[in-house]
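These notes open a run of structures that come right after.
In the two complexes that follow, subunit A is the common piece, with subunit B as its partner first and subunit C second.
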Partner chain A sequence: MSDHPVRAHRRITLPLKQARVQRWVGVAVLVTLLLLSPLYLNQSPYQMGVVTGAFFYAILASSWSLLAGVAGQFSFAHMALAGIGAYSAGLLGRDLGTSPLTGIIAGTLAAGFVGLVIGLLCLRLRAAYLALFTIAFSEIVRIILLTEFQYTEGTNGLQLAPLYEGITPLAEYYVTLGLLLVSMAVMYWISSSRFGLFLRAMREDQEAAAAMGVNVVRYKVLIFVVTSLIVGLAGAVFYHQVRIITPNTMEILQMSLIIAMAVIGGMESLLGAAIGAFLSRISLELLREINILGIHIELGAWRYAAFGLLLMFTLRFAQNGLLYPIIDRLFMRRVREETVSARAQTAEVEP
Partner chain B sequence: MIELEVRGVYKNFGGLQALNDVSFQVRGPELIGLIGPNGAGKTTLTNVLDGIHKPTGGQVWFNGERIDGFPPYEIARRGIGRTFQVTRAFRRMTVLENLLVPAMAMHPTARQRSFRDKAMEVLRFLTMEHLAKEYARALSGGQQKLLELGRLLMLDPDIIILDEPFAGVHPKLMEIIYEYITTINAQDKAFLIISHDMDTIFTLSQRLLVLDFGTLIADGDPTAVRNDPAVIEAYLGEDEEERKDA
Partner chain C sequence: MTGIHPALAIWLMLAGPIWAGIGAWGLPRVYRRKGLDDSRARLVGGLGGLTMGPLMVVPLWLLTPELKAWYWAGIPGMLAALQLYALFAAMDPKNLCVTNPQYVANQLSSGLTIGFIYALMAVGLTLIYSVQGIISFAHGQFYMLGGYISYDFLVLVGDVNPIVGVPVAGLVTMLIGFVFERLFLRPMHLGHVERTGEYAILITFGFGFFLQYTVLAAVGPFSQKAKPYLGMGSVQIGPLNLIPNRLVAAAIGVVLIVVLLYVLNRTWLGKALRAVSMDKQAAAVVGINPLTMNTLAFGIGTMLAGMSGAALIPVFTWVPWVGGPAATRSYVIIVLGGMGSVPGALVGGLIIGLVEAMGSGCYPDPSKGAAYKTAFGLIIFAIMLLLRPTGLFGREL
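Our next item is the complex of A and B:
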């Protein structure tokens, strides 16, 4: 610490500003790339669809990261909740003739309500018990949708109307990108707020958090509701773009993919999980068939095996994920450290 | 005026009676030691006081309000804070964040920034200001105990329950904890301290409670308690057959 208080003050606050600028520049570059990428992708509706799908997976993975990585609630119900959002919207549109927008709002609320019920039922469940409970819940939802085919169309899938007549792949791209950016902003706001601080304390030790005055019941239920609303909204919007949803989308394999994507990106990092999901989804698509030295190879299901190997590698050697340490080093670490300490250190050196 | 009243509290775990008709009062900023052999029910009693366990029978009153059955966070907000026998810092959070949790929970509308200065003051008091940015998991066991004490300062309760604050702690840190207790006690805070460190607890306490097999067998001045035959028997032990006969 310098003898001169003003000089010390400057030395501490300047890196904080620089780090914040660095972070926002990074975010701006990323967003600009995503906004401009249709210029390249527009040549191929297929590629546009793949990237749009990757945005959907990024929302699911980052919201799962908020629920499991930040709040410590290891749930397997995410895909089921996205499905509930989509099926609610689709059924309302088909049977009551509601507009997609009304259906999306209703689907989002339906997923939020189910999230509330799960949160209340799981209050005393932790770790493996919570995971098993939510797996059972997801399977029940899937089986109901599969067997009640007179309402849900079963394996044939439920048709959903487009978001609006004549919507283009480009518009769908921007709608989903917008949804991703808004949901990321909301989740970042939550994780950096008082709510996020309490969630992390609860993740570490619920009893100790309660002994420090944290209403763990309220926040546990609340995080289930918030993440359920996000995935319900994402599911309803995305499957209106895909135009069909089947119960298979809620298979445990699909949920496992979301979790694997989040873990590879960095389970405790919303951005890491989102980027992990985005890149994983695109990689899985690129790996459908490859050309090596002129030899054409169709990988089919083997690409999932490769993905599984990558997951095993991550869990064994990089438990913070493969992407998070890079993101942390580039943009976050200094901001976090300085944000936490600058105020107090400044107070210490100010006359 | 702090007033805690434990009235005939029982706590059973299945067939095991962990607390048996325990009654005592805390009036004002007393510094009370709670001792007893292993399995005497000391930690169970603290768990009842802070709401982790609901008593099987009896009542707990705090400042004129019946609090048994309240969830732990409600009891914490009313002014009873505690540490745990095995340190329970929020390990993957920084030291400063650990301190912000109770402050933010106690003041739901206040901004996080307003507590940072207070948190740094607390860390300075605990000689830990240089560790503010460290993750709690990087701290030694003794430093984690200090961190728990720091969290209590941020919670600012009327009664502080410390479960084995001196266990496994370096003598230097022990001095800091000792100073912490006496300084905070002088600020009109009551303490209920569980410890197996007899020398320290007899020196520190103004009053001693002794539990044995869930029953409060002594409550009084440390000197009187030290010479109480029931306490001596509980600590030195007695023949198992004699106990059964009794």
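Our next item is the complex of A and C:
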């Protein structure tokens, strides 16, 4: 930590309080930009739909980074949990005629309950086994939804009611943005609390964490439940806006897209994963077809292939992700160095 | 309701799972309290509780016999299959499975046939795991790629039997496996990467993602099928209705597995691979380079995946996303048989072949049976992961 105490000393350019202010200013600028950006888009349903979808992916990616990056639980069940949220909401709305709000609450709770069960069942499973179990789980859910078509409409997809009659794309934009901001705030609060510290300790060494008095069982299950609730809520709300959900949204390849986005953004940083997902989603959409010097190229699946390559090289050569180092530089480093050097100073004073 | 008492159905639906829970939860604790080996207690307790309820759980609880022999898990497992069959029969008495023994025999034989190819693919995965200690999440994409390489080669060459495509596909997928291992997995073994476990999952996953979309972009989302090995149609032998085309695919699987077992057990290369899988340091001391063996194992593993794809493209229709379900099936097989165990993968492959054939053939609603084909294996997989993650033949962790 204090390998270079002298250098750490010299780099204190801002007092701690000022650095914190700078970080909050950064967050405020980002939020204001997102709040105001619809004014500069042409607000066509397509454009707003893309951006709203990007927000949805950002929620999924950042909650995955909380589960996998911070807590070290490699789950592939995120898309399935979002689907469970959306299907519960949709089925309730269609068969019992409940309002979308009731459906969304029920869907969130359903996803949370399933997350609780997965968390309890997977307590003993280590990384690769957990990945296999959750892949199997999401495949089972997808196959059931696909096959029981008399209840779920199968491949045709289940129709969902709009959030309220006559909702505009602009309103949907703000609803999803609000959801993103709230869930980010909750997840940041979790990851910076004692709970977050416990999770990191468990990720690094479960036995050591348990020996230090961390209730491993409780926190492992809890993090599964929390992320499942967030994902279920996001899924229920988002698919009420898309108005339709098909079992194919739960394919492992969809899930791998989210994982790729989170890894490229920075797996251990919630903000990095969210921004990574947002930017990847938008750029994948922009790259659908390109014009270079008058030559029209349809990229189709090639852009995903390139995305896969980017994922591999990110993993190999920049394990912290591509965006996290930038975010770190902009917002965090000074705060951290301040704390570290302050501790180093006090440590030096002590005999 | 003919042939089965309703009480039995209620037992199977409700009491079975409850007793299974009691057995799986309680028995390991009893064994541990008595200071006995509890590694199999969860599996035997769970399966025994599911099938025989208190009749099995209570004696085990009181007597705690040693559970080493195969029949402790084998007999309850078979009983579970029989009871499920009875349940299906009760739900739909007019099912072909109940009324037509010939149909059952055919399902069994086709399950066994396809099981050999499943086993071939899973053996590749288990070989990679036993030497490298990682699970390749790109295995299904290598399988898919093998099929396409064989298909393109056959189109290129023209009028030859599709069997020629198998070695070609194996060679190409092996080379791709070598290159990938050398570029992305070796740095992990050399300690150039942090958090190796997570890295291994993600990097193989990322490569699978890349292969998947590259092939999709190259061939488009259309289904393709190579011409059959031996013409279409079927042959009637006794009560069995056999499809020669599938039998050839199974024969390819058997031959390749035999060759692999020979290589693993009788040649220097095989001994070196097994040595590395047992102890890397000791292997290095006696002059085996573990890094080379890692690369070789990965290449052989991907080759087997590619060859099983190439062996199956004359049998099944091929689309760019066939890899996903096939890979999932391989995970099921290696977890069932025990991670890193080649005989386990063989047995697991046959079991899964049978379970899928019988499950999809006997499901009460025939139109849904086929759709649930993979789900039957996945349920076994989930149960196995929970009851005994080391599998039937696995090394103790």
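In the analysis below, the second predicted complex is superposed on the first by the 319 of 351 C-alpha atoms of A that agree within 3 Å, B and C clash if a C-alpha of one lies under 4 Å from a C-alpha of the other, contacts with A are read in each partner's own complex, and residues count from 1 in each chain.
Keep this in mind: a residue touches a chain if its C-beta (ideal position, glycine included) is under 8 Å from a C-beta of that chain, and two chains touch if they have at least 3 such contacts.
What you are looking at is a predicted structure, and each value in this text was computed from that prediction instead of being measured.
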item	value
Partner chain(s) touched by A:I326 [first = subunit B, second = subunit C, both, neither]	neither
First, second, both or neither for A:A201, with subunit B first and subunit C second	first
Contacts of A:E251 with subunit B and subunit C, given as first, second, both or neither	second
Contacts of A:V216 with subunit B and subunit C, given as first, second, both or neither	first
Per-residue touch tally on subunit A - higher for subunit B or for subunit C	C
Which superposed partner A:A28 touches (first subunit B, second subunit C, both, neither)	neither
Subunit B versus subunit C as contact partner of A:L286, first or second or both or neither	neither
Touched partner set for A:L96, first subunit B, second subunit C, both or neither	neither
Contacts of A:A301 with subunit B and subunit C, given as first, second, both or neither	second
Subunit B contact footprint on subunit A (complex, rising order)	194, 197-198, 200-201, 203-205, 207-217, 268, 337, 340-341, 343-345, 347-348
Touching residues on subunit A, where the partner in the complex is subunit C	68, 72, 74, 121, 124-129, 131-133, 135-137, 139-140, 143-144, 146-148, 251-253, 256, 259-260, 263, 300-302, 304-305, 307-309, 311-312, 315-316, 319
List of subunit C residues in touch with subunit A within their complex	134-135, 137, 183-184, 187, 193-195, 197-203, 205-214, 216-217, 321, 324-325, 328, 331-332, 335, 368, 371-372, 374-375, 378-379, 381-382, 385-386, 389
Residue numbers on subunit B that touch subunit A, as the complex places them	50-52, 71-73, 76-77, 81-82, 84, 88-94, 96-97, 100-102, 104-106, 108, 112-113, 116-117, 119-120, 129, 132-133, 151, 155
